[in-house]
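The two complexes that follow have subunit A in common; it is paired with subunit B in the first and with subunit C in the second.
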Partner chain A sequence: MAALTAPRIGGKPSRWTTTTILGIVGVIFAIPLVSMAEFTLRSTGGGYGFEHWLALIDPENERRYRMLWAGIRNSLLLAPSTVALMLVLLVPTMILVQLRFPRLRRLLELICLLPITVPAIALVVGLAPVYSVISGVFGSSAWTLAFAYGILVLPFAYRAVQSNLQAIDLVTLTEAARTLGASWPTVIIRVIVPALRTGLLAASVISIAVVLGEYTLASLLNRQNLQTALVQVSKSDPYTAVILSLLSLLFAFALLAVIGRVGAGRPQNRTTS
Partner chain B sequence: MTSMSAASALARPGTAVEFASVVKQYGEHRALDELELNIEPGEFVALLGPSGCGKTTALRALAGLETVSSGTVSVDGNDISRIPVNRRDMGMVFQSYSLFPHMTVTDNVEFGLRMRRIQVTERRRLAAESLELVGLGALGGRFAHQLSGGQQQRVALARALVTRPGVLLLDEPLSALDAKVRVQLRDEIRRIQQELGITTLFVTHDQDEALAVADRVAVMRAGRIEQIGTPEQLYSQPATTFVADFVGQSNQLEGIASEGVVQVLGQRLPTRDPAEGHVLCFLRPEDITVRPANGSGLGTVASSSFHGSFRRTTVLVEGRAVVTQHPASQSYGVGTDVDLVVSATEVTVSAFPAPNAR
Partner chain C sequence: MKYLGLAPFALYVLLMLVVPVILAVATGFTDGDGGFTLDNITALADPVIVSTFGNSFALSGITAVVGATLGALVCYALSGLAPGSRIRIAVDAVCGVLAQFGGVMLAFAFIATIGIQGIVTLILRDRLGVDIFADGVWLYQVPGLILPYLYFQVPLMVITFLPAVDGLKVQWSEANATLGGSRLTFWTRIAGPILAPSFLGGLVLLFANAFSSYATAAALISQGAQIVPLQIRGALISETVLGRENLAGTLALGMIVVMVVLMGAYSALARKTERWQR
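This part shows the complex of A and B:
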């Protein structure tokens, strides 16, 4: 049974090699994190303590951190909005292209990967007039930045979903479900979405990571998000900025761990006999 | 392995299928060219033809996965053109692996029953029964990636049969499997089809497969049925040279015909073809045997291979290779001069040079 599912890798590296390599990489990643943690624990009067961490949640400082909390709130609102936008617009498009218009696949790929090659500043120049219209229609509440972020996450989300699409034969799965009596909505809910689960999750998580780390667009479009707030705060209060950077880094690591788990959770459909 | 009660519970009266002047046009290309095909209730018909001749298109037109440009496809006399795929009541097994990767084997098999809103307990029972039928009763909890290719196709078969469809459609279900599994599963498909009495259309480009399992074989070419008949009919009385060439192995030899007799390999043999003059004759290896040369001999042995009960010996006659067949007890060394004896009762011929010789 084990032999049936175990990947067949010729000549695995020895345990010692693996441990050493992982150890070195781990240390390299840990150094900035540990340094940040150390920095946040320095007391103003010398020695170590949780003084700066406690200050952050001290009701007395509420005024001082108001902008910071607003930035966090906006980012936490933007993340799901962007994911929702991506899931609602990109995913159905990709499925439709895969099933009905395979000739458009190349074009779609090109369009989706394009944002990577456009510098953020060029994007802003293009987006500024668009946003004057968007503000007119939707107002200028924080979540409207999700339209711009939808473009930013496009390349990452596309790759994540596409790699999943390539691993399965969506056309045949769909046709099989249809011949077994499934209506189109049922095919989408019971077959397509579950079969693309891995890709959809990875795309969502990576989109969240991109949104939480975004600074340039928000700053240039005069919006507040986590990163712009951090920059503001760091000017007057480096400790708080570092604490929050540390937390958001750990959060990003956790998200990446989730991607890894999801990706490794279940091997993809084998395509050979 | 399979209980007969399972089979009889699944059995139902067969369904008749008819293609009438079915045309499928892809731009300029006619994939189906006025296709005519009748399948009797409970009959197992194999659609045999070279790659690209329209077999899959015909199958998909019947399943509803492809619309037809003109003509009608009917089931039990009713035109089904307007019925969508999911209401056509047909079980289909695909060429590529098609199990839902996120579901267990049991969930895969139950899918069609779920779509028909069958109660859980009944669903479980029917799915188990169907898995039993394909000999995979013990693997219900596995996922597709934990199965071999042959097992995956068995599950696909169980999934297609569980709803007791009127028609079973198989599109080269064995082509991705290795030779041994292919033969096993092919025979099993036939056994199951006989047990259930289900009308079956089996698409293949492998003539051995078609001849081995089908009640009737329809040889297809360029969107039309070239000939339909029992495997025996196709083999011994091919209606056209295309069929003679495609079904079984044939020697194509030059001959001279006149008044129902053709002269080939130095012998005079009967033919039904009215052709006169130079013709191309199709002769099966088993219709030609080898005899030790009487004098200089007709040809020279070029090679010989052992096939268990018989040998195939290739003889060079005036520079042309002629494949012959004879009992394994005889054997002729390479370079030996030999005579040939043709024992065909009737020879299939075509005008020379043959327009469709391949």
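This part shows the complex of A and C:
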């Protein structure tokens, strides 16, 4: 067979090079994940077993893990709240800018990518006073964090939706629908949203992943979520913290693999211009 | 009235992004009673603060250079696979998670790996007689952040740099071969110069990414303020650091200035890159 293959003239690596590099890097990157799995399977008296996994679902330990479950509940509430906020505020604005104010496109992009330049740890300094006002109005329940998380997901959600917007001709689609007598609500529900479904799905999934992994704002604004609970619980029970970290990472892999399959425009590179 | 539809988003961004940034920066210029002062800005020249920024720069620099190099190597390997292949989709998903959503969880991954009871630590010590912590437990110090940071830096480089490597056109290598060039000249005269801006862009982005990361460091280092984000934590929690109030605002200002410079450089490099990606 080798004689039949064309001589390699370009920059593509050989099969052997690809396999070697990916193999070595893959094994090195698998070590921490395998170590996590190994760590959770250690039994107290030595040897291996599912002791720590079972302890997690044992009703007797309910009190011990109460804070952890509360944190998970908060995160599971924050994820859809943030997605809703993103879909209600960002997406209509992007559609409107695309259809009516094309000259504002650069400005909108600049705003949406701004959170990359302002790290969460710097933003939280200014968010603390804002949140003392928010607590006055809405109370200090965890869901109020969604307001801040909506900002954190902006760059990710913007890119996902924008790459979908660029791929379709929204203006022509809308005009066609309007000419055929469709009302604006019909245009939005039956033309725009279906045309943007992959972008909206990708934006939602990425937002969920961001929210479930968020620690900085929650911990410094004194609110409980999954990650702050993990840090708290790790101080007395590292096994549980590692089990849940492993599960969360695997869950996030699964989420992102799903969008990879759907083939939506994930943020392929962080282009700011 | 024409712009009314943009109002909700504009108002939201104003309240949750613009106002916080202004407040953060402004607190850097106010004293304990709310009066204007430049006193806090001079704190940026304080030896303790300078050395903290130095630590942050060193950590970001090391992990950016190593991360970008390894990441570029992985991109090169991936360019040998078809774009829609299963391995690429899997690598894409794994890189996305590790680069962007790992945070605290990566800290636990490394505690389970090279912590005091980590499997790698134990295997090295019991089977090979190598005690990686012979000179003290460095995992919970700044040097201990290097490996966990690389664990998100390499994937970020892959996500950032792969489109540029994929953008290398077959025609260019054919032209090179037709004109009598070797594989070496292809890399030094064609691919190298074309990829250079995006490689540098990736390097800058990785530096910025490490510089602004907080969660992994906070989970590993529970006490102390060895890098800038941890110093902001200290300033927020205890109000008074180095005998100064409102230091968190000053540090946030310092970070934002560094980030603006980095992201400016990044977008200049990205513009150069885009010419070849059409």
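In the analysis below, the second predicted complex is superposed on the first by the 233 of 273 C-alpha atoms of A that agree within 3 Å, B and C clash if a C-alpha of one lies under 4 Å from a C-alpha of the other, contacts with A are read in each partner's own complex, and residues count from 1 in each chain.
The definition used in the following text is that a contact is a pair of C-beta atoms (placed from the backbone, for glycine too) under 8 Å apart; a residue touches a chain by one contact, two chains touch by 3 or more.
Keep in mind the model is a prediction, meaning the values are calculated, not measured.
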Kindly classify A:S163 by the partners it touches after superposition: subunit B alone (first), subunit C alone (second), both, or neither?
neither
When the two structures are overlaid on chain A, which partner does A:A120 contact: first (subunit B), second (subunit C), both, or neither?
second
Looking at the overlay, what does A:T216 touch: subunit B (first), subunit C (second), both, or neither?
second
Given the superposition on chain A, which partner contacts more residues in subunit A: subunit B or subunit C?
C
Looking at the overlay, what does A:S140 touch: subunit B (first), subunit C (second), both, or neither?
neither
Please indicate which partner A:Q232 is in contact with in the superposed arrangement: first for subunit B, second for subunit C, both, or neither.
neither
Looking at A:G150 after the superposition, I want to know if it touches subunit B, subunit C, both of them or none. Which is it: first, second, both, neither?
second
For A:N61, using the defined touch cut-off, is the partner it touches subunit B, subunit C, both, or neither? Pick first, second, both or neither.
neither
Following superposition on chain A, which residues of subunit A contact subunit B and also contact subunit C?
266-273
Please give the residue numbers of subunit B that touch subunit A in the complex, ascending.
63-65, 85-88, 90-92, 94, 96-103, 111-112, 115-116, 143-146, 148-150, 156, 159-160, 163, 169, 176-178, 181
For subunit A, which residues count as touching subunit C in their complex?
8-15, 17-18, 20-22, 25, 29, 31-33, 35-36, 38-39, 88-90, 92-93, 96-97, 100-101, 104, 111, 114-130, 147-148, 150-151, 156, 209-210, 212-216, 219-220, 227, 230-231, 234, 238, 241-242, 245-246, 248-249, 252-253, 256-257, 259-261, 266-273
Subunit C residues touching subunit A - in the complex, by the definition given at the top:
3, 5-6, 8-9, 12-13, 15-17, 19-25, 27, 70, 73-74, 76-81, 87, 89-94, 96-98, 100-106, 108-113, 117-120, 151, 154, 159-164, 168, 170, 172-174, 176-177, 183, 186-187, 191, 205, 208, 211-215, 218-219, 229, 232-233, 236, 248-249, 251-252, 255-256, 259-260, 263, 266-267, 270-271, 274
For subunit A, which residues are in contact with subunit B within the complex?
4-5, 168-169, 172-173, 175-183, 186, 190-191, 194-195, 197, 266-273
